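Read from first to last, the chains carry the letters A, B and C; within each, the first residue is number 1.
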């Protein structure tokens, strides 16, 4: 049935039906990934027997309860949010910058968030004790979020003149800001002591290991509005593939699309990076795979990116926490090891298209 | 039922591009804007379509263009750009579907593709097409956007920026015929043209620009004449007529001595 | 807002202890037994557990615990600052014995929520700090007499070692790494500085604390008589050639006599039960002007 549908879709040049079939498949994949993420882990706590015990009204051990409810559940939710945020942000940036290789790093989120995190790790001791107590271990995520958000707004201001945002200026300013953030980070790294240096390394590699309910409850409310806003930009981004003036002629309020897209990306990526550190390649590989599978129409691309990004991050996280159990491989390593070869393969196969 | 521009001035940076242009284009007619490179044709088009800010006043169907939202403008007029880049691998069908403003009803898409003669290529990737095919796909997209020539009792407008520049001679005529049919159906067409012969064949009204101002304006008989065009372009021309009609045919003439001397000097 | 921010820190521990107590219920009396499933985090702590003869109670270790060799057979729960909460829980520990600085704090919180006791052992770079570590480990494992005996033995050994070593006039430069020719050296307040002080030598760099990159001129100015480094895999002769070929180091007295000492990192810097031996080895090697001392 589906196969018939696909061949028809391909023949008349409209891949919307195929993209909707992909949406269905990805929804199933996400459900499977969520169940796996809840069921698999170093502790060997079984999801099914625990759920069974719960249903039968039996006592569950404290360890099982903590593993399922305090460790795997928030980690799964955070992984979904982070994966969806990174992938959707990537798709939004690629649509806005009309460049299949753009990622949220382009608007300075990565550099700013990195600088914020490094500053928090190295300078946390300088915070007033009262504030430090209140923030607790949120110092790093909060600083990363503020850093990412702040640098994006700064770039945005630099690139916007008379109500029009120049994408080219934003790119160039992003490079300059990245260099500056890198230099300041370098100074902070120089000031760091041994322990802080190791924290920096692990932050840079990314991990969902710190997932707690309070992180989920602070992170998701920032990511969700951005994820919900994204599909409303689909028509505008589709029109933008023809260029800004053609998009305007098609009735798109181009500046509004830019505003919403950039702020959404800053929020979603800022929160994702703040919660989980540096996780690479999801934002580039996921939208690109989906474009190959079912076309670049943003109406389906954004939704499918969220689904695939969430699934992939959950699966990568499962690998990261089981492959060297009871220790843990930073998830950034897993996504890069899996993502980089895929990306190279895409570049190899797609040279013709990318040279457009 | 018109596009009415009054004293339109546009400044880009320190350069004044348009020095007070007046223009009237009526629905039911094909209005062609001609003039040498740098005369301000494209800038005028951008002002008329609401893409860039301007001084003066432009009315589209009685409404102030500067005050219309992008969406309202998109329902009143479609714009075919000179060249279109496409940043992602869409199929022809998908590119034309970008013109659909509302619900997903594929019929206008198929109809527009049939009009430009590209229905067979609907499933092909846009980037695999020839330049001329791409141009016609873009026209189909604009036709899909603009739909019928008449809407709510008013006219809709087709703005074409050098619509035939990438086309062979047969397709040039095909595209101009589509434009004329749109005008005959009650819509308005404003086209920037480099080809004076096609202009002579298809225009109801011609506006000649030079140095950001209107040099002449009127019917083909009034404007496609040596006295108007030779000073406008700074080029000598030979004028004839098409066999069996009074439609002008224009050929450029070499300025023999100067041209020969230049080539000899270059060699 | 202010009221909330004041109340929350107070309320939280109360609530969580209530919840824990409620959850545990009948399980509480079992806590009275000494811990039998211990995760040891930090090489120095692990060495003390072995010296106390309590290694049978260990179920897991961290990445830095690599001595004695038998400990490598235990599962590794990761780096001390990047513990995975589920990984630690997967070995069903009833005590986590750790050096200062276990983290990340979120993981530590989760482990506390799972009601797993934490014993943090204070760190320090003096003879007294070693004895304090031993006593802290003994207390956590509920073998205080054994720990006291071990502390006395190690303390006596330490005094003997300190009396015997004599390297007064040696200026020692500890190099942590030489990535790309950039010399990362120890200033003050590091384990390396502690060992150099204990052995009675002079630290060649005292102008900063921690490990920092050193400019070529500062290396020349430090004028070390001996270079001290951690032991690495591979060909030491070639590594030494490379070391003394470094333009900054080539001007120093150490280069003229090709004086470099390499010791196992955990042995040299662990500040644990092997430290007296490490001091003797270090002194002998510094006096000889070279050496590849093994633990």
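Quick note on the criterion: a residue touches a chain if its C-beta (ideal position, glycine included) is under 8 Å from a C-beta of that chain, and two chains touch if they have at least 3 such contacts.
Here is each chain with its UniProt name: A = Iron complex transport system permease protein; B = Iron complex transport system ATP-binding protein; C = Iron complex transport system substrate-binding protein.
Given the structure is predicted, the values throughout are model-derived calculations rather than measurements.
Undergrad: Using the mean of all protein Cα atoms as the middle point, what chain has its own Cα mean nearest that point?
TA: Taking the mean of all protein C-alpha atoms as reference, the closest chain is A.
Undergrad: Hey, which chain ends up farthest from chain A, C-alpha centres compared?
TA: B
Undergrad: What is the distance, in whole Å, between the centres of chain A and chain B, each centre taken as the mean of its C-alpha atoms?
TA: For chain A versus chain B, the centre distance works out to 44 Å.
Undergrad: Would you mind pulling out the distance in Å between where the CA atoms of chain B average out and where those of chain C do?
TA: 78
Undergrad: Once you find the CA centre of chain A and the CA centre of chain C, what distance in Å lies between them?
TA: 37
Undergrad: So which bits of chain B are touching at least two other chains?
TA: none
Undergrad: Can you list the chain B residues touching chain A in their complex?
TA: My answer: residues 46, 49-51, 69-75, 77-79, 81, 84-95, 97-99, 101, 104, 106, 122-124, 127, 145.
Undergrad: Where on chain A is chain C touching in the complex?
TA: Touch residues, chain A against chain C: 41-44, 62-63, 65-67, 70-72, 133-134, 136-137, 190, 193-195, 198-199, 202, 207, 209-212, 215, 321, 324-328, 330.
Undergrad: Given the complex with chain B, which residues does chain A contribute to the contact?
TA: 10-16, 98-100, 238-239, 241-243, 245-246, 248-254, 291, 295-297, 353, 356
Undergrad: Can you tell me which positions in chain C touch chain A when the two form their complex?
TA: Within the complex, chain C contacts chain A at residues 5, 9, 23-24, 27, 60, 63, 75-79, 81-92, 101, 103-107, 109-110, 113-115, 190, 209-213.
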